[in-house]
Each structure stands twice: as structure tokens, then as C-alpha cells.
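Have a look at these structures, which come just after this line.
What follows is a pair of complexes built around subunit A, which joins subunit B in one and subunit C in the other.
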Partner chain A sequence: MVRWLVGRVVSGAVLVVLASSTALVLTRLAPGDVTTQLGPFASRAEIERTRERFGLDRPVPVEWAVWVSRAVRLDFGTSFLYNRPVSGLLGRAAANTGLLATLSLGVATVLGVVLGLLTGSRPRGWLPALVRAASILLLSLPPLLTSLLLVFVASRTGWAPPGGMTSVGAADADWLAWAADVAWHLPVPAMALALPLAASFERLQAQALADGRDAPFLTAARARGVGPRVLLLRHAWPVSLRPLCAAYGMAVGALLSGSFVVEFVTAWPGLGRLMYEALRARDVYLVAGCAAAGAFFLALGTLLGDVLLAAVDPRAREGLDA
Partner chain B sequence: MSLPIRPARLIGPLVTLLLLAGAFLYVRAGRSTVAPTGTGPVRGGQLVSSIRAEPRTFNRAVSQDQITDLLNTLTQGRLVRVNRASFELEPWLAERWESSPNGRQHTLHLRKGVTWSDGSPFTSADVLFSLRVAANPKFVLASSLTVGGEPMRGAAPDAETVVVTFAAPSGIGIRLLDQLPILPKHKLEAAFVAGTFESAWNTQVVPADVVGTGPFVLREYRPGERVVLDRNPRYWRKDAAGQPLPYLDRLVLDIVPDQNAELLRLQSGAVDLTQDALRPEDFVTVRRSEDQGALTRFELGVATDADAFWFCLKPEAKKQDRRFAFVRLPAFRQALSHAVDREAFAQNVFLGEAVPVWGPITPGNRQWFTPNLPRYPPDARRALELLKELGLEDRDGNGVVEAADGTEARFTVLVQRGIAASERGAAFLREAAATIGVALDIVPLESGVVIQRMLACDYDAVYMRVLTTSLDPAGNLDMWLSSGSAHFWNLSQRTPATEWEQRIDTLMLEQAATLDQARRRDLFNDVQRILAENLPVLYFAAPRMYAAHTPRVRGVVPSVLRPPILWNADSLSVAGGAGAAKP
Partner chain C sequence: MRPVGVGLVGLVLLAALGAPWLAPNPPDRRFPALLYAPPTPVHVLGDGPALPFIHPTRLESRLERRFSEDVSKPVPLRWFADGVVVTGDPVGGAPLLLLGTDGYGRDIFARLLFGARVTLALAVLAAFGAALVGAGVGALAGYAGGRIDAVLSRLSEFVFVLPGIYVALSLRAVLPLVLPPGTVFIVLVAVFIALGWPVVARGVRAIVLVERQQDYVVAARAAGATGVRILFTHVLPAARGHVVAQAALLLPAFVVAEATMSFVGLGFPDTVPTWGTMLQEATSVATLESSPWTLAPAGAIFFVCLGIQLVLPDLRRVPVELEG
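Right after this comes the complex of A and B.
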């Protein structure tokens, strides 16, 4: 178990280094750099000064080596776009994304699993059919459209703020009022993230439950006179969680590394939006920092998924102990 | 196996939930915004505007991006102001001035009793410090605030007088000082001397350290969220009735990067106004909101810049390319101009909200626009005649004209990706050019890549809007002069590549140094005519610009220049004043 955990931590660290290094090198090699932000007709001297200031006048391998040597001390360089250290920006954005991701994941899990139990255990009937249709619709809608639709509904009805994370003046209020204000801003981005994910969980849960319906152990339990509620919740459900847990790790990783579409449209100041803005501006150190944070969360998410899988499936536990 | 909960049992809770949700939405929708009462300015309240990007610094002397410029307008003063609506020069921190007959020396008398937002007195020492910063080639102002290639020099006979001396006579005169941010010496001189000026007012600065003489002071910047500005209680301006300005207690700049979300927030009243003009494709939506009384739409005027199409005309970059043997001849570009019906262009690309143009100066620039330029009416037959005179005909019947050696008139056109009007314009141009046998292949690219390739002359042709930095042509010498870094069809020439560029150089240098405004106008009309005859750049239409705000905003004086509404922020107010402050 410990060996497995150490192995996962090491592979996670390798993933972080590889992802951030690749992001840094590709951003440097791609046409255009951060100096294009100075405008089409910036003077040559200004361009050269900016390149020198951000170390872009060095060869790519040298720049990479310097960056890595600083990054191990959590100094990811300075962002051109924000004119401040990348690490500070990452911390704040990661916290915002973490909050949004946790809520979205919670909503998606509860909705997805409960509805999946409903549609998987009772394939016929109008309610399961309605849930299935809604899931397919949500899965087929692109995130941009879902986000815009929710922003549209929020702005038309006023049921929640259409964007942003806090109201003006929230920072002056006490922490309870601030937390309430953040909570008031959460529904739109959280629903934009949670609904497609819930649909995906619902489909996985329903399919897994339906696949195992005729399993011998369930037939045996039924023959022993186990009631339908216990049969479903104590026998069928734990076994059906395996595919869900496998997908969960990826979902956690993807959510924590930020959805740039949702964060961009709903003006949520998270990692996804930071990455998008960094890429647009060719802000090389911010891109690399965001990639490192994204890879870290992806590794964390897959680890969490594996732990969950081990918790629900003895076969997976055996694999870890071996 | 079945779920122990029967679906029918869920109907009751579901209906209850729906009813509750409906009641909640009804109550929320019933909350109306404060109805405008009267039309005069009202003190107090807050105004929320959206911006699309983050501020990079609060120091205009080290960055010239739009957000920094906006924040500078809101928090800092200037010696004189060019009124963005009338284009007239107005006294600002300098209440009056005299100029020497040769136009090189200007004596400015500073307004008495003005203080910085922290209470320190504003004096001529601050102006001299600002001139020192502007003269430093390390910072962005150095390239734009020069006369005759030299920075302005300043002297201060006393605390309330500044003498600014130009190295050469300048037609722009002290209008140039509108671009000079006046910075607090007592706050920034130490950083300037220590070489840390660039980071002195970066986005991590303590807000109270950003002192200014503008109508607002920085209260808070939350990356990714907003910039909050409070009323500067020490602001020097008063309205006609003697009331201190600004009227607003607070101005909030919400950062909304997506333009669609920005429009939705404007429609819902979550923001009162935006910093960008409306896109043509948004007109219908906004008109509907206007009909419902949720928005007020108004015309800013005709844009002062038009989309431009040009070929790379740098001879050394294209000497191996046989196509450019005919591209370099004005007749080829004239033929292309004849192929484009500008009225139809305005109709298709800008949905009718544009005016045809024949040069870079549009009717929006009232002072320098001339309608008397050579024009190339839509005439495919004339275009084909011109091409034939150049030896270009469709010899193989494939719809594309070629020279006798088989060189086809086929070009790749770079366009900035994601700008719908640009992509529509390029597509229209492709169709128009095809009617005379010139093939244009459109390649949308990220704007950074377009700029990089443009600077390296690594392109056939580009279609994009090039924003000029000044309405006065003498402020855009970098574009007009062949040696200029913004002479975009052939950048930074050592000697003029053509005889007509040589003529433009001579005329523009004279125009920039002439003090007689009528003479300046005549000279510049000649320049525009030469450009229209030789067509290094083709212009087609300038859009009419519209903006919108919520009905509670008062005192709006629209400007076609940026910022279109907030340039006049000290005179804006909101209906209901303090009572109208949004949650």
C-alpha cells in the first residue's frame, strides 16, 4: 500500500514537471510571444527590453532550466499580463477553482448517483425516460452553450448573479457576509459545471446497475428473500460503483484544473480562465504555472479516484496490497 | 430489483419544488431597478462598468494598453485636455497658457489650490518630474511625446508656472500635453531614481499609494474580479452650479472577459455600461432591450479608423516572388479597389451601419477628413482593363488571371481570428476580388501571430483594423513617414522606396512643423490625395459606432474615442444617487 502510494506520488510529480515543461517550451516555440501584447507597432527597443525583462532573450533550454530551478522553490516567475508573481496568482485562482469544483462535484455526485439508481433500477416508466432524455441533452450540449444559457436565465430572472464571484463591497463586510455573498454567486458557474457531469454520472451509474442486474450473487440474494431496497443499496449498488469511481478521478482532476469555458463566460476568477488568458497573451510563465497546477490537480484527482475504487471494490484493494 | 421509491411518489415533492421556484423567480423578477426621476445630475451612488481585461499597472507612463489608459483617465489629471466629444482643447490642471510666436515655447499657468488625493499640494515640480519620466527612453511615453525627434524640456520659474520647450516648431502644439500623465513626484521619484519605477505602481501596490489629481482614487483591485474606485474628495473640478465633482461616490470596473456574457450583464442591469462599442450582430438584441426600457442605445459616431487591406510592399522581402512584380504597381491595387462595391461592403459586413471610405481618415475625424479624394467606383470592366494593361489575363480559363509567364494572381490574406466583422470583411473581399480574377485565400490567425508575421513582412496581404494613436496626423508620423515603425505596408525604410513616399515624407514633415492650421490642412489633403492615388492600403468602410447604458446613467456625452463614456466620468451620475447603489 505504502509502495503504491509512493509510486503514485512520484508519477504525479513527473506528470507535473512534464506538463509544465511542455507548456513552457511549446508556448516559447509557438509563433508570437508576449511582446505582441505591446501592440503592432511597439518600438524595437521596447520589444527588446520586454524580452530581456522576462528572460525571453535566452535560448529555450536555458530558459527552461532557469525556470525549473526556480519552480522547485515554488517561484514560477512573473506574469507579464498581471505584472505580479505567478505563484500568488495561482494560489488565489486555485482556491477559487477548488471551491467551485467541490460544490459542482458534490451536486453532480448526488444528482448523478441518485438519478442513476432510479433509471438503472427501473428502466421502464415515464420518469426514467425523462431523466435519460435530460441526461443525453445535457451531455450533447457544448459547455459554452450551457454556460451562456445559465447566464442568460440568471440575467433575465435575477435568481442569481449572472457572473463574478463577489459583489462590490463584499470584501469590506465580515467573513460571514462575504461567505454568503460568494455562495450567492456560486449557482450559475456550479450548475454549468455540475449539470453535464451529473448527466455523465447518471448514465454511468444506470448502465453499471443494468449490466449487473442478472449477476449470480444478486439472484442468490433475491432467492434468500432479501428485499428490493436492501438488494439495491447493499448488494447491487456498491458493485456498480467501479466504472463511476474510475471516471470520478478524471472528473475531479478536470474540475480542479478549471474549466476555462465556464469560468470565462461566468467571469469566475479561477485556474481555467487564468490559463486561457495566459495562453492568449503568450504569458509563458503563467502558462507553465497553470499547466503545473492543472497537472497537480489531475494527479490528485486520479489518486482520489483510485482510493475510492479501492474503498468500494475489494478486487482493487487486493491490487494495491500486492 | 427495483428502486424502493415509486416515481409517482415523487410528483408531490416535485410540484412543490416547482411552485417554490416559480414564486422565488416571480419575487426576484418583481424587483425593478430604480426608475429615473428627473434629468439633472444627482450626487452619490455607484456606477458599474465592465472591462474586458485586467489592469497590468496603475502607471500610464510604463504601459499604454487600454485599461491602463482608462485608469489613468479616472485617477490622474493632465495639464490640458482634448475634449473627446468636441475635439477642442480645454484648460485642465493648467488654467491658461501662452505660446511663443515660433511655437516652440509654451508657458503654462497651473491651477491654484489643486492637491493630490493624499492632500499634498500639486506644483510645477510634479510637472517637471512627469516630463523627466516622459523623456526617459525606457518608458513607453518617450516614443509618442517627442517633437522633432527630441523630448520636451521643462522649466519651472515658480511653483505655479511651467515653461515647456519643444525642440522644433510643432503644428500639434500643446495638444500633445493631453497625452502626458501628470505623476506625483513625492510618491514616485524615489522609485524613478532607484530604477524600480516600472514596478512602483504595479497591481500589487497598496491602493492608497496610487495618488492622483483625477476624479477617483483606487480603493481595491481584485484580480479576475474588479477594480473599485472611490470618489476623490480632493478633486478640484466643480460643475456649473458650483457643486464639487464627481457626482458618483463609487465607480466599479467589473472584469468580464467574454463579450456575450458582458452583453447579457448589461441587459440585466448587472453592469451599467461597457467599454467597447456594440458589435453589429448585437444591434437587434440591444434594440429589443431598448424597446423594453432596459437599455438606452446611442450613436457614438463614425469610427475614426477603418479596416484596411494591404500587401507587403517591402521590395527586399519579395524580390524572388514574381507575383509582387505586378502587386508593386499602383494599377494592380487600383483594379482591386474597382472590384469592391463599398456600399455593398458596408451593408454586408457592418449590416448597413457603416459609411464608405477611400482613405485612412474617416468622416469620424471631423478636423482632418476630406471627401475630395480619388475614388474607384465599382467597375469590373475597368478593373479588368487595368489588369490587362499589366499583362494579367485569365489564359487557362481557371477563373484566376495570370501573367505571361504563368504567375497567377493568387494571394494569402491574414486576418485576426475571432473578430467577426474582420472575418466577414475578408470574405466579402475574397468574393469581390474573384469577380476580376484575383484569388484571395483567407487565413484567420491569432492576432499575435498576425502581428509577428506583419513585422517580419512574412505575408502576402493582411486585412485588419490598424488603430491610429492620434487624431492629428502629426501625431501619427510613425505611420505616415517611410522611416516610421508603423508605416505598415513597408516598415522602417532607410530611404523612401518610392517617389510618392518621398513626397509624402516631405509634405508630412512640413505639415507637422507648420503652425498655421489652414496650411496644415492643405498639406495634409495633398498627402491623402497621394495616398489615394497610389493605394498602398485599401480602405472600404468605417463603421458607425453604437454603445448602450442602463437608463439610470445620467450625463453621458458620447465620444467615438476611447473610453467612449468614461472619458467624462466626473460628470456622470446615476438616477436616485446614493439610494440607487446596487447590491
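Right after this comes the complex of A and C.
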């Protein structure tokens, strides 16, 4: 068990190093760099000086080695775009994305599992049919569409602010007012991200329950006179969690992808927005930093998914391919 | 529900193919007095029942984007004129704008039809490519086994969990930010194939692993068939259904991915009508609020996704998430 866990952590670390290094090298090799911002009339000497200032005059391997040696000490260099240390920018953006993603994942899980239990255990009736239909509709609405739709609804009705994370001047207020303001801005992006995911979870949960309905151990429990509620929650549900937990590891990638779009549409100041701006401005160190942070989230999420899977399925714990 | 799905997909395909005949106005024609004009209402009741007719749209206030119908002059719709199925009187100030206009005064319905061609061609080509590459890699991994299988399987798992849109954006951003549309098309197809193949490969590998143990494969080998022949004529056909289903699932993912890339400005330039570039209009909350018809491409994307969801017999398949 410990060995397995260490292996997963190591492979996660490899992912972070690999992703950030690739991002660094790719952006470095891309045409154009920070000196384009000097405008067309900058003198040769000025261009050289700027390159030197940001360490862009070194060959790529040297630059990469220097960057890695600093990055392990959490010094990600300076962003050209914001003229500030990358680590500070990253910290705030990662926290914002983390908040949005965690909340959405939580909402999607609760909604998806509860509704999935309903539709999976009761194949007939108007309520399960309604939930099923809603799920199929939502599966056809990726976050790009849900976020546009929710922004539209929010701006038309005024029920919630359509974009941003805080109101103007919220930073000056005390932290309680600030938190309330953020909470007021959260529903639109969080729901945009959570709804499609909830639909996936609902379908998976319902399917897993239906697949296991005729399992011998359930028939045996039924024969022993176990009531329908206990049968569902204590016997059928735990077994059906396996496919759901397997999907969890993959949901993280989708969640990150989705959060990029949602952040873009709703102007949520997270990692996606930052990475996009950095990519466009050829801000090498900021791109690499964002990639590292994103890969960290991804590694953490897959690890969490694997641990969950191991928790519900002994076969995965033993390292067997179940 | 399956016929509904087939109908939806068929309708979208028909619209894309018939764009030059179905669009009442050319997609790049600008109506300078009609920026963000609302959809033209089509009337059938004048002084009693009448053939479908429209009223000219009159600009009331450019600042407030207010328009009114000029009810004094009904303009009958012209059928099978000017080489299109139906149109209004674009020269006389009464164009038929079924879904309104965008910020340049261009017919959104026409752009939607022509945009479908680019978006769908891109998605279909990329899905086809991903199916080919995925089937090849999956077959190789499943058939060769051993170290090759281990390497290919790890690779496909790795690509599978990556957040697709970040990879696509990074790969696209590495190239010059401004590229001609043809190059963008090729780049996007290549990037989508690079991201989509593991979806197909995983299943093909599993199927090949099972099939190669079957008696008919042993028989073929005993009869002297080479490995390549066994793989291509005997084993791979067993994976056909899986490949088709997965490629079909990749389609909506690619449609959405194109839309996302163009939406954020790293896809097609906005002179090319695609569903993604059209959605750029909807970036501004103010535009979204005052001119909701700019959301029309979102509706088109929804219908494609829904159609394919319904066509696939197996609803347990959760959609592939490239975009999220």
C-alpha cells in the first residue's frame, strides 16, 4: 500500500516537471518573445538588453536547467507581462481556480450521485424519467454553452452577477464582506462547470446500479428480508461506486479544461485566464508556472481518484487490474 | 429517441451541404444600417390570410440599437429567386434575416450555415484521423504485447488524462498567432487528432487482446497467415463497432473544441465564419443581453451534441471531454 502510494506520488511529480518543462521549451521556441512589446522602433541594443534582463539570451537547455533549479525552490522567475514574481500571481490564480473547481466537483458529485441513485433504483415513474431527460440534455451542453447561457440568464434577470469574482471596491472591505461578495459571484461559474459534470455522474451512477441489480448477493440479501432502502444504500450502492470513482480521476482533466472556458466567459480570475494571457504574450516563465500549477492539480486529482478507487475496491488496492 | 437524433444530425448536415442555396443572403454581405438587428418576423396574416411576407426593418436609434418594422410596406418573400430557396428584398432594404445580424450587420443565419461547413468538416476530418491513429495504435499495442504494449498504453493513458483544451491552446499558441485560415484548419485537425486518438485506442487494444486468443485466430495462424494479415483481415474487423462509436463521440467534442479555440481567439480569424468565431460576438455581456440572437451558434452546437447523443445506442457512454 505504501509502495503503491509512493509510486503514484512520484509519477505525479514527474507529470509536473514534464508539463512545465515542455511548456517552457515550447514557448521559448515559439516565434516572438517579450521584445515584441518594445515596438517596431526599438534599437538592437535595447532588444539585446531586454533579452539579457530576462535571461532570454541563454541557450534553451541552460535556461531550462536554471529555471528548474529555481523552480524546485518555488521561485518561478518573473513575469514579463505583469512585471511581478510568477509565484505570487500563480498562488492567487491557483487558489481561485481551486475554489471554483472544488465547489463544482462537490456540487456535481452530490447532485449526480443522489439523482443517479433515484433513476438507477427506480426505472419507472415520471420523476426518474424527468431526471434522465434533463441529464441527456445537459450532456449535450458543455461548459462553453452552459456558461454562456447562465451569463445570459444572469444578465437578463439580475439574479446573480454575470461575471467577475468580486464587485468593485470589495478588496477594501473587511474579509467577511469580501467572502460574502465572492460567494455572491460564485453561482454562475460554479453551476456552469458543475451541471454537465453532474449529468455525467448521474448517468454513470444510474448505469452502475442498474448493471448490478441482478447480482446474486443482492438476491440473497433480498431473500433474507432486507428492506428496499437498506438494500439500496448498504448493499447495492457501495458496489456501484467503482465506475464512479474510476471516472473521478478522469473528471479532473475535464474539470480543468472546463474551468478554462468558464473562467474565460465569466471573467473569473483563475489559472486558465492567466495561462491564456501568458501564452499570447509569450511570457515564458508565467506559461511554465501555470503549466506546473495545472499539472499539480491534475496529479493531485488523479491521485485522489486512485485513492478513492482503492478505498471502494479491494482489487485496485492489491494492484490487480480489476 | 434514436430517429430524433438521426433527424437532428441529418438536418445539420443538410444545412451545411445546402448552405449556398439555403442562405437568404451571402454570409459576408453587410447591411450597414442593420447592426445587431433582431430576427425579421415573418407574417402570414395581413388584411386576411396571405402568402408569407415581411416588413422592411427600419433603424430607429443606432445608439440604443432600436429597430422597428415599417408596416406600411409589406414585402412578399421571393421563392427560388437569385439562386436561393427563399429571400426577402435585400436591395430594397427588406432583407430576410431569420436570426438577425451581428456587429457588422451580417446575416447570422447565413453565417451559421456556412460556418457549419468549416466546423463540421474540421470535426469529421479530425474524428476520422483520430479513429485511424487510435485503431492503429490500439491494434499494435494489443497484438504486439510486452514492452510495446506497456509503452503505448502508458502514453495513451497520459494523453487521456491531460486537460485537452490547455494542450490544444499551448500547441496552437506556439505557432505564429496570425495564420491563414487553411493553415489553421490543418493545425487544428492535427492537434485534435493528437488529443483524440487515445479515446479510440484504449478500447481497440482491449478488443484485440481478447480476439487474438480466439480459435479462429489460432486457425488462421495454423493455416499460415502472417501477423499483419491476421490483424487486419481477422482481428480488427471485430473492433469496427467500437471505433465507429468512439469516433462519433469525438465529433461533438471536436465541434466544441473548435468553438472554444476560435472563441478565445486562437482558432480561425474572425473573417472566416465558423461557429466559434461567431460566438465571439457573445463575449460581451452587454451584447449578449441586448442581442440574444448572437447566441445562435451555441444553439447549433447544442443540436449537434444532442443529435449524436441520441443516435448512439448506448447512452451509458459519457461524452468525451476535450473541452470539458
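Basically, the second predicted complex is superposed on the first by the 290 of 322 C-alpha atoms of A that agree within 3 Å, B and C clash if a C-alpha of one lies under 4 Å from a C-alpha of the other, contacts with A are read in each partner's own complex, and residues count from 1 in each chain.
Just so we're on the same page, a contact is a pair of C-beta atoms (placed from the backbone, for glycine too) under 8 Å apart; a residue touches a chain by one contact, two chains touch by 3 or more.
Values in this document were obtained by computation on a predicted structure and should not be read as measured data.
In this superposed model built on subunit A, subunit B and subunit C take up the same space, so to speak, and clash.
Of the two partner chains placed by superposition, subunit B and subunit C are both touched by A:Ser155. Contact with subunit C, but none with subunit B, is seen for A:Ser140 once the two complexes are overlaid on the shared chain.
Touch counts on subunit A: comparing subunit C and subunit B, the chain ahead is B. By the touch criterion defined above, A:Leu74 lies against neither subunit B nor subunit C after alignment on the C-alpha atoms of chain A. Touch criterion met: A:Phe264 reaches subunit B and subunit C at once. Contacts of A:Thr166 after superposition: subunit B is touched, whereas subunit C is not reached.
Judged by the touch definition given at the top, the superposed model places A:Gln207 against subunit C, while subunit B stays out of reach.
Once the two complexes are laid over each other on the shared chain, residue contacts for A:Ala247 go to subunit C alone; subunit B is not touched. Once the two complexes are overlaid on the shared chain, A:Leu29 sits against subunit C while remaining clear of subunit B.
With chain A used to align the two structures, subunit C clashes with subunit B at 439-447, while the other stretches in 439-447, 475-483, 493-501 or 529-537 stay clear. Taken together, the two complexes place residues 31-32, 148, 151-152, 155-156, 162-163, 264-265, 280 of subunit A in contact with subunit B and also with subunit C. For subunit A in complex with subunit C, the residues that touch the partner chain are 15, 23, 26-27, 29-32, 136-137, 139-145, 148-149, 151-152, 155-156, 162-163, 193, 196, 200, 203-204, 207, 247, 249-250, 252-262, 264-265, 272, 275-276, 279-280, 287, 291, 294, 298, 302. Taken together, the subunit C residues at the contact with subunit A in this complex read 158, 160-166, 169-171, 173-177, 252, 256, 259-260, 263-264, 266, 279, 282-283, 285, 288-289, 292, 295, 298, 301-302, 305-306, 309-310, 315-316, 318-319, 321-324.
The touching residues of subunit A, counted against subunit B in their complex, run 31-33, 36-37, 39-46, 49, 80-84, 88-89, 92-93, 96, 117-118, 121-122, 125-128, 148, 151-152, 154-159, 161-169, 171, 213, 218, 222, 228-229, 231-232, 236, 264-270, 273-274, 277, 280-282.
The residues of subunit B lying in touch with subunit A in their complex are 1-5, 7, 10, 24-25, 28-29, 31, 46, 48, 54, 56-57, 64-65, 137-138, 140, 143, 199, 202-204, 220, 222-226, 228, 250, 252, 254-258, 260-261, 264-265, 267-268, 270, 446-449, 451-455, 466, 478-479, 485-486, 488, 582-583.
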